[in-house]
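Alright, structures below, take your time with them.
Two complexes are shown next, each including subunit A; its partner changes from subunit B in the first to subunit C in the second.
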Partner chain A sequence: MTRRRVLELPLLVAVLGAVLPLSGSSYLLGIGFSLCCWIALVQSWTVLSAMAGYVSLGHVVFYGLGAYVVALSWGALPLPVILILAGAVAGVFALLVGLPVLRVRGPYFVILTFGIAELVKYVVILIESRLGEFSRLMFGAPDLPWLYGIALGLAVAATLGAVLIRGSRLGRGLLALRENEEAAETVGVPTTRLKLIAFVLSAIIPGVVGGLVALRTAYFEPMQAFDPTVSFTIVTMAVVGGSDDARGPLLGAVFFTLLSELLWARLPQFYMVVLGVLLIFFVLFIPRGIAGIMRSRLRRSPS
Partner chain B sequence: MTGLAVEQVSKSFGGLRVLSDISFSVAEGETVGIMGANGAGKTTLFSLIAGHGRPDAGDIRLGQRSLLGLSPDRICRMGIARTFQIVKPFGGLSVLDNVVVAALYGNPERPSQRDAETQAASALAAVGLADRAHDLAETLTLSGQKRLEVARALGTGARFLLLDEVMAGLTPTEVAEMLGLIAAIRQRHRLTLLIIEHVMRALMQQSDRILVLHHGELIAAGDPEAIARDPTVLRVYYGEDA
Partner chain C sequence: MGVLLSGQLLFAALSTGALYALIGLGLNLVYGTMRLLNVAHGDLVMIGAYIAFWGFTLLGLSPVFGIGFAALAGALLGWATYVCLFRRMLATPALLRRLEGNSLLIFFGISVILQNLAALAFTASPRGYLYLDEVYHLGNIAMTGNRLLALGVALVICLALYLLLRLHVFGLAIKALIERREAALIVGVNIDRVQLVSLCLGFAIAAVAGVLVSTTEQISPFMGFPFTISAFVVIILGGLGNISAGLAAGFLLGALQIYGVALTSASFQSVLVYGVFVAVLLLRPQGLLGRGRVLR
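After this line comes the complex of A and B, so read on.
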């Protein structure tokens, strides 16, 4: 892959993202913030779930842990340290649970990740109720433009990371083990180590994103921070956009963020229904996602 | 690297004894064939050597170094690569990428991606798949996928190859091609080969020595001509009256 191709997508995100604040609309900036957060989440998720083929249905656990770290340390530490800590805690958690969890494959892995996220949610609820806290407010959180800037940085970093990893030695090993783990081992791929690295890499940015979203709402409450809908949305965005390359998550995130913006206002209860219907439709009829359709169109059209 | 030594290896799955007390060695540069009916334990033997599973008793050594307890990827980097009887291509990757992964990870010298691609391309050329390099591996015919297995093993840079029925299911023409191809790469890369094959003619023609497994026991070992005349082998293969 040429250098130009590597930088194309991250640059696109960065430029479009930098233009948005010029609109001066805080409504648009709010949408931009959540769009950047979703891009960062889905790109991170693909490192494990698209490249290595271990589909995580519990990525909210990293997001929730990041939010919890921020809620606990807000006011005690400077903002950059807090956000780095949020990512680090998510990464260390992935490292600790990774070894046992990554021993199972396919549907078992999917269910296990979902279960772990739920388990952690209830552990945090237990801890919070023992501490006598039912929700935490964070006073003096940075303004939206600041948060937006950080979210944009994460979206660019996650997109760049996904592109770089896919073309790297690590990415090649992950793709091989996704196709056939036993054959990958046989040709020298240290599968256990690679899976663990992918798991940790896919957890760090979601940890920071979770912390950022907590700051945006200035509020932490476990049911909300560990809401499984976040995990479902990540998977749906990746499926609808496609996850064969880094374009898919961008398309999926844009599509869903705009769609939910339209739906939340008019039909709030309808969101999950739409999520489900779209997921089924794409899995059945367009398994390669929007990016996949675009790719085959381009290939067919004479150039 | 020096030879491979299998010493008094036994393996059972549940109550079924698949290998009992197997001992043999393969010297560097030698080609040793393994024959035996289905269920004789041939593939299990390969799996144990390659690190997929551990013998219940005995030892497997490469030179002075025991391979027991090492992971398959480690054993590959020590210079032993296997092919699978039931082919396991990385179906969704290109034929070239299948071998690039092997060159990137199988070689302890950790080549750069560019070098790995060069090595992979030459391994593909050696098995006659150069023109399919950019097709998806899943689009290859069985014969193509068997060749890809060989190319991947070769691409790791290993000089000790375990070839598990790379000719099974091929047409006579394809078998002849595969024979020529293996003879050529064997000579060019000074390979040491351990071969499982049901195509008798192929096995006899290639091997310096043949081992015969029967119900998990090593019942005969010797050069191809001796094996073809061995009374025990004849009895097992053709019945009492032969």
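After this line comes the complex of A and C, so read on.
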């Protein structure tokens, strides 16, 4: 892959993202913030789940842990340290549970990740109720433009990361083990190590994003921070957008962020129904997602 | 320690266990015959519960009749799902290769749809009704009528299905499909029909379990997921597709939960159930199918 191609997408995100604040509308900035967060989440998710084929239905666990770290340390430490800590805790958690969890394959991995996210949620609820806390407020959180800037940075970083990893030795190793883990192992791909690295990499940015979202709402409550809907939305965005290259998650995130803007506030349940229907439709009929359709269109046109 | 020996806990463990056995049985039928990972199983429990609830509160219909309606509704939903979504998938080799993963995503979509449709139609607030709540005493064990009913119905259905699978020719066909798909095809089992019936049966059983749940607990559109998780714990504990071991595993999980909570506190219940779930998947990640099938 040429250098120009590598930088194309991250640059696009960065430029579009940098233009948005010029509108001066805080409403648009709010949408931009959640869009950047979703892009960062879905791109991170693809590192493990699209490249290695280990579909995680529990990515909210990293997001929630990041939010919890921020809620616990807010006020005690400066902002950059807190956010780095949020990412680090998510990464370390992935490292710790990674080895046993990644031995489990296919659909069992999927339900296992979901189970772990729920388990951590209830453990956090238990801890919080033992501490006598039911929700935590964070006073003096940074303003939206600041948070937006950080979220944009994360979206660009996650997109760049996804593009770079895909072209790297790591990425090729992951693709190999996705196709056939035994065969990959036989020809010398260190499958266990690669899976673990991918798992940790896919956890760090979601940790930071969780922390950011907690700051945006200035509020932490375990049921909300570990809401399985987040995991579900990540998977749906990736499936509908397509996750064979880094464009898919961008398309999926844009599509669903706009859709949710239209529907969520007035009809949250209807929005979820639409999400479910689209997920089923794309899995059955368009498994390569919107990006896949675009790719085959481009290939057919004589350019 | 004296508490642990009480008949009261034993009864609670039995009635919870029978319910888990029933719910696991439904999931096992669907997974065993088609390798579909039905993560919407608990939402069928929810639907059954709402059918019983509305039947009782609007029409004054006893939940005993609710069982029939719920079974019918479950079977219809199963039929629709099979005809619309899975018949084509199960017959296309290309889709069959990634069947488990795809079916999981599809059922996840179905689960989200059912939950949110229920929330739209019935609001998200929990509901409940009182039915057979008088207390019976047997020795020093106090039992409410609804729990006795739930225990009885669950046991009867489990037994009936067990006998069907053992004795009736259609049950044998289901068993054949679970154990050796290709061989079943060769000896002339009508695979399409057995799959359809298994899915309807699995859905109907879940809905009936929902009726039983609704007589003893509050119900809400999002009540289903814990049941899905319990059902998965049960069928993984018992070995996927292994019907009789699954029934035993249901009682085991019931005992684990009741005695676990008795030893700790009620706030540990969710941690306990999910903990067992994660532990089972981690400790026995492969070889769960008994026949060493590659899990991919």
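The criterion applied here is as follows: the second predicted complex is superposed on the first by the 301 of 303 C-alpha atoms of A that agree within 3 Å, B and C clash if a C-alpha of one lies under 4 Å from a C-alpha of the other, contacts with A are read in each partner's own complex, and residues count from 1 in each chain.
Throughout what follows, a residue touches a chain if its C-beta (ideal position, glycine included) is under 8 Å from a C-beta of that chain, and two chains touch if they have at least 3 such contacts.
This structure is a prediction, so every number in the text was calculated from the model and none was measured.
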TODO: Have a look at where A:Val189 lands relative to subunit B and subunit C in the superposition and call it first, second, both or neither.
DONE: first
Open item on the list: Taking the superposition on A as described, I'd like to know which of subunit B and subunit C A:Val239 touches: first, second, both or neither.
Closed with: second
- [ ] Using the superposition on chain A described above, determine whether A:Leu175 touches subunit B (first), subunit C (second), both, or neither.
- [x] first
TODO: Would you check which partner chain A:Ser296 touches, where first means subunit B only, second means subunit C only, and both and neither mean what they say?
DONE: neither
Task: subunit B versus subunit C, judged by how many residues of subunit A each one touches - done: C
TODO: Name the residues of subunit A shared by its contacts with subunit B and its contacts with subunit C.
DONE: none
Open item on the list: Residue numbers of subunit A touching subunit C in their complex, please.
Closed with: 55, 57, 100-101, 103-108, 110-112, 115-116, 118-119, 122-123, 125-126, 129, 181, 232, 235, 239, 269-270, 272-273, 275-277, 279-280, 283-284, 287
- [ ] Note which residues of subunit C are touching subunit A in the complex, please.
- [x] 37, 39, 85, 89, 100-102, 104-106, 108-113, 115-117, 119-120, 229, 232, 267-268, 270-271, 274-275, 277-278, 281-282, 285-286, 288, 295-296
Open item on the list: Using the touch definition from the top, list the residues of subunit B that touch subunit A in their complex.
Closed with: 50, 52, 71-74, 76-77, 81-82, 84, 88-93, 97-98, 100-102, 104-107, 113, 152-153, 155-156
Open item on the list: Under the definition above, what is the set of subunit A residues touching subunit B in their complex?
Closed with: 169, 172-173, 175-176, 178-180, 182-192
